[in-house]
Amino acid sequence: MEKHINKAKTLIEAIPYIQSFRGKTVVIKYGGSAMIDEEIKAMMMQDIALLKLIGIEIVLVHGGGPFINETLHRMNKESKFIDGLRVTDKETMEIAEMVLSGKINKEIVNDIEKNGLKAVGISGKDGMTLKAKKKIVNGIDIGYVGDIVDVDTNLITCLLQCGYIPVIAPIGRDEEGNTYNINADYAAVAIAGALNAQKLVYVTDVKGVMEDINDPKSLITLMTVNEAKKNIESGTIYGGMIPKVECCVSAVEKGVDTVHIIDGRVEHSILLEIFTQEGIGTMFK
Amino acid sequence: MEKHINKAKTLIEAIPYIQSFRGKTVVIKYGGSAMIDEEIKAMMMQDIALLKLIGIEIVLVHGGGPFINETLHRMNKESKFIDGLRVTDKETMEIAEMVLSGKINKEIVNDIEKNGLKAVGISGKDGMTLKAKKKIVNGIDIGYVGDIVDVDTNLITCLLQCGYIPVIAPIGRDEEGNTYNINADYAAVAIAGALNAQKLVYVTDVKGVMEDINDPKSLITLMTVNEAKKNIESGTIYGGMIPKVECCVSAVEKGVDTVHIIDGRVEHSILLEIFTQEGIGTMFK
Amino acid sequence: MEKHINKAKTLIEAIPYIQSFRGKTVVIKYGGSAMIDEEIKAMMMQDIALLKLIGIEIVLVHGGGPFINETLHRMNKESKFIDGLRVTDKETMEIAEMVLSGKINKEIVNDIEKNGLKAVGISGKDGMTLKAKKKIVNGIDIGYVGDIVDVDTNLITCLLQCGYIPVIAPIGRDEEGNTYNINADYAAVAIAGALNAQKLVYVTDVKGVMEDINDPKSLITLMTVNEAKKNIESGTIYGGMIPKVECCVSAVEKGVDTVHIIDGRVEHSILLEIFTQEGIGTMFK
Amino acid sequence: MEKHINKAKTLIEAIPYIQSFRGKTVVIKYGGSAMIDEEIKAMMMQDIALLKLIGIEIVLVHGGGPFINETLHRMNKESKFIDGLRVTDKETMEIAEMVLSGKINKEIVNDIEKNGLKAVGISGKDGMTLKAKKKIVNGIDIGYVGDIVDVDTNLITCLLQCGYIPVIAPIGRDEEGNTYNINADYAAVAIAGALNAQKLVYVTDVKGVMEDINDPKSLITLMTVNEAKKNIESGTIYGGMIPKVECCVSAVEKGVDTVHIIDGRVEHSILLEIFTQEGIGTMFK
Amino acid sequence: MEKHINKAKTLIEAIPYIQSFRGKTVVIKYGGSAMIDEEIKAMMMQDIALLKLIGIEIVLVHGGGPFINETLHRMNKESKFIDGLRVTDKETMEIAEMVLSGKINKEIVNDIEKNGLKAVGISGKDGMTLKAKKKIVNGIDIGYVGDIVDVDTNLITCLLQCGYIPVIAPIGRDEEGNTYNINADYAAVAIAGALNAQKLVYVTDVKGVMEDINDPKSLITLMTVNEAKKNIESGTIYGGMIPKVECCVSAVEKGVDTVHIIDGRVEHSILLEIFTQEGIGTMFK
Amino acid sequence: MEKHINKAKTLIEAIPYIQSFRGKTVVIKYGGSAMIDEEIKAMMMQDIALLKLIGIEIVLVHGGGPFINETLHRMNKESKFIDGLRVTDKETMEIAEMVLSGKINKEIVNDIEKNGLKAVGISGKDGMTLKAKKKIVNGIDIGYVGDIVDVDTNLITCLLQCGYIPVIAPIGRDEEGNTYNINADYAAVAIAGALNAQKLVYVTDVKGVMEDINDPKSLITLMTVNEAKKNIESGTIYGGMIPKVECCVSAVEKGVDTVHIIDGRVEHSILLEIFTQEGIGTMFK
């Protein structure tokens, strides 16, 4: 009985968090170990199910993880390079799309549905959701890699209103019907911005932004957009962390209230971030 | 962190219960110690707030507890008796109504609102919700005591659709506009039946129905309507328990899925009954 | 037949008034003799029923009349005074609330329903309708007397849309859940302003504003807000009339189209004010 | 003042009638002197305006009165007869339609609108409302005279929902697009039946059904369908009254609650019939 | 088969036009030979049916063609003249209204309905759609000829939402209920402007605006409002064409996207104008 | 001009077909050459776009064509056989799903969107649309091949109401979350039945059912369900045609009005079947 009463108290502690976030939109960029480790993945899907059940509008954006390379390898598709940049030719794009839209996307849908909630897997082609154009890097055409030029939120909104959790593969389409691979982190920014989301959560394999990468206690829990920009300039944020943090900054500037980098390797990381005072990662606002 | 993860796990365990009861209607007859002990009362209001927040339609029916007698006493109102039955004359009725609709009802509203949710206190007069007629006991007119002849659920439904928690004082009205005091247990049955509620929960000062009243381990957790009737006949259920159990039987017969007698003295008793497999009291179905 | 035809002609004369006010909101502050004299009260409820039936959205605000003092007296509750100001301590507040929400409010509901229309009695606590804060007069804390700081019109609007006549007791609540007694005249102003009402009608025991208080023919039928302010300054309006007129001025300034002081002692005073060219009292605009 | 208070009392007396008929549908067959006498016509339009304003759904069906013959005469159109039956040839039909749809119908619309309410004049061709077929009398083809085979109520319902008073000229159309003149009394029966109207009121030039046609006091105020049939059989109802009463019987049998024959020459006859206990004509049910 | 496939290809070619105009409002001023030649009329009604079916909101405005004079003549109604201007006295107005609202209007309704779509014929009196005032030409009162002062689009919008094609006779009404004949070309401008229509199409007996009236190849297919004004000033547009072109200019200035003068004598002229790149007449924008 | 007028006439001929099918649901099973030949595919997508534009609710179900085998081959995935039956092991299922949901499904979406209409590609996993169970053939477990046990039409209906064309890959899911490959012909039957579709169209590589397979003129254009059953029994329908015809019979028995086998190799075959009297294939009813 004692045990049960304590559990009831835990539920009661959630009241203010439920009140704050009910009816709000949270975009989750799902990636890293949390996509591969079956146990962690199952817990993340439970978190998503709970958030949806208590009235939060969840939109999931995923990347391809290591699966695209695996399949390219298996299909003996070799990569071309121009000036050191890997090129996504038509066949590579087709294989990437098969993996993103036909494997990962539908697996996530299935994993959510194991918790009794209904998800719908779409790509940016569906309902012309992600309008893209070819990305030119340093004047070099690297093939079917695209930037988002517009997000049509009608399909996402339609699915939310019908009670579904939209799961989005980062694939776009231009007006001629060409298909483009989109960086999932950027896709999440564009989608969260277009939806005027309350939160954007990056599920990653790092604890967040650290003052000193060797000191686990140096996690920065809250950073303003201005601080982030200064930290990039000063070199405190460096290397692979820069594009991630730039996404966070960009999302806040597009109107997202708060953006979070959390460690997907921690059990129930999303719930911990949203339902505790301190959170577990770095929050940008 | 460990502690937080365990709390997250507790929230996750709630998923199947939330899925079962979302959108369903639960009528709670609120009474006994849970109306008097401030700490218990606060916890019960938290339970109600949580249930509402996760999408359960809560309707509260309350009685008058000891407050009516206190006020009658303070106002030097003496009771008349006919053939040993206490008579509710017009003045007694007016005082009872002041206490029920003007004190207890609004206090409950206030207590719920302390948790950030909005409640609306009404009596059966409002929106002509409870149509009553004079109760005649053994051919004796005991004054303004009534039986419910019809429930107009429009006001309750209107309040639920606007997002409020209706709190109902058990006072009815006949076609001429006379006011009647209604037994709150019976009022709860009539309201739950008219709303086609999923659950009716009686918050009481007993553990439930016991096989042996002296053996706390003899609690009967589940009883069918037929068993209940047999137990009354055989004397296993006796004394003050009979009318309570008769209410439970009547509610099931009016279409309420399950009726629960729970011990309001236990902390978070409502959550324990609804969110655990075993529950804490006796369930009738 | 002749008689019936004349009655038909009277109904026909009402056409332009019905056309003007259908769908508009009229807030009525109900008080004075019209709350006590049974015959006058019955007629007023008929007026309200008719106005509702022809499509006017009626909201009733009432005070406590002499009933609160009567009950305080009966319960042997003595009043404390600080610097000559009467103090509403917690117990006084509780008794006042019982009388306002449990007696007067529900009696009005009942009286309206005798005409076949449905009313709902609420106080400012219900749906957190009236947010209040403690009133400090000349630096003295006189207890649980409050000023309205905000009106949440959601509950009133919800009840109107469901077809009910809201009847409001002037009791407010602060964020901590403390209860405050509010002056009913001020509550009516705040509510009419928040609802953007077409009319606010004060049912009083005076004929209206008179040029010469001893000359019944000197009734001023129309006064602008500017004239009212000048008349207060010049002393033409004086004594007990000042706060009433200040309420009228304040309501017009909050966006109410016209505010009326009418004599509730006259039979069918509300209909006479609304359905005749001249009206019977003083109209402010 | 006295006079005004009496008028207010008259309005109050209307409350139960308004409550009974609000939201109900009343079909009025408008004809006889009430179409010609300007004063009577104006009063009838006032009655209709008032009924609409208090929430009754009014549908007007009119005939052609003497205007069709006048116009035929003026246009030197002679009538053909076959076996003593007057034949409506194509040209006669065109002239009748011009008078019905282009003159009478729009005049009624205009007369209603003088009271500030909005009407819409249609014929049975509009929205394919009245589907007709050629009427064959005793095996003789008398031209473009039709019987109604179906009523499509969509247009009438659409206009009512948009707040208009539909005014209907009794002209029908078959599947090939031929135009037919329909007897207005029959058209009213078909329309009232299809709308499942509460009342059908025939505005005529007689007081109603009399026991003794020479004794004005012998008016029968209420007649059941069975009594009506017996009275026709027994000859108590005879001559020109028979088809009128047959219409009343037919309407009741099609589901109209009550059918009324009233004397349109009486001022405000419709209000008198609907808003008084006794009414002024004969009611069938 | 070949033939059928070619027809399918024709349907396919319509896709971009359907996409452009679906849900848009097109007002058609119907007049000239297309009102008289039965074959052309039938084709025009087919065009209208098709446009409605594919989701274009069609509103038809018609004039009286030669029919009013014919009927005046037949009824021996002679015309009065003041200073050379023909006067529309009350009787002339009544006859004109009978012809417009009772003959032409209902014939068009019938002709559309032969294609299985439902139309509703109204005049500007219905729903007080066209508010008019007397037109004074050079200080001379020429009787019941009016200018539109306001368009109440509620009835037209109501009919469109219920799925009907409104057919409007150009008759207006002032506040006193006087009836006025309105020039149909002007009525079409006022209605198209008030509806914020996408297109206004004038069905006429000319090819459009020509550079050289004797050279059929000199048709001007597109003219801006500024060009039109210059062409009137310079005399390129002259005579009877001036008021027509002034209507086109006025409509564009009231917010209509494009206005078209087309030759109603050409088969399926409306479809040709809307569903081909070049169109067949002159388009103003 | 002549040419354009003829095209207009072709559009006009479509009126009765548009009237018949507007608002109806048509399920198209898309397969065979029409999936491979780029030109034919483009025309089919135009047909679908046109049908959607004129108000028909289109739902597309597709199979995998030769693409699954191609990809299995390319990924060096060898097939296992048990008792001569090919087994769909987990890896085969994953590859099949990638091809169906990640390649073919999204290509169809893209091809439709080239015509300016919006499509959404889903599989039976999305929204738990297709509930499946393992198919056991002759007692042998052939792996992840499933039968549909239930269709949840909520997602399809949601997408139709939001204006999208649903494109469905025939993949199902059981309660444990296992994925199954479903025969697309059967999936189409289940979906059309559950949607209560007006039509189910099988796009195939045959002309339809022939009396004599060698005589192209012996096409049977209409067959009742009873005739179909008899023809299977008698051997007139034989070989590979049997399962297709059984699907048609089953769909009619599930409430689909008509089922069509058409030759997808013919240009605009769908339009020809729906918009001509004769159609081009065999219709079952």
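Per-chain residue numbering starts at 1, and chain names A, B, C, D, E and F are given in the order in which the chains are listed.
In the analysis below, a residue touches a chain if its C-beta (ideal position, glycine included) is under 8 Å from a C-beta of that chain, and two chains touch if they have at least 3 such contacts.
Here is each chain with its UniProt name: A, B, C, D, E, F = Acetylglutamate kinase.
What you see is a predicted model, and the numbers here were worked out from it, not measured in a lab.
Counting steps between touching chains, the shortest path from chain D to chain F takes 2. Note on A-B: across the candidates A-F, B-C or E-F, the interface recurring with over half of the contact pairs conserved by residue number is E-F.
Chain centres here are Cα averages; for chain C and chain D they lie 46 Å apart.
Chain B and chain F, compared by their mean Cα positions, are separated by 56 Å. Centres computed as Cα averages put chain A at a distance of 69 Å from chain D. Chain contacts: chain C has no residue touching two or more partner chains. The touch graph of these protein chains is a ring, one cycle where each chain has exactly two neighbours.
Of all the residues in chain E, the ones that touch chain D in their complex are 71, 74-76, 94, 97-103, 105-106, 109-111, 113-114, 118-123, 125-128, 154-155, 158-159, 162, 164, 171, 173, 177, 179. For chain D in complex with chain C, the residues that touch the partner chain are 1, 4-5, 7-16, 18-19, 22, 43, 46-47, 49-50, 53-55, 115-116, 266-268, 271-272, 275-276, 280.
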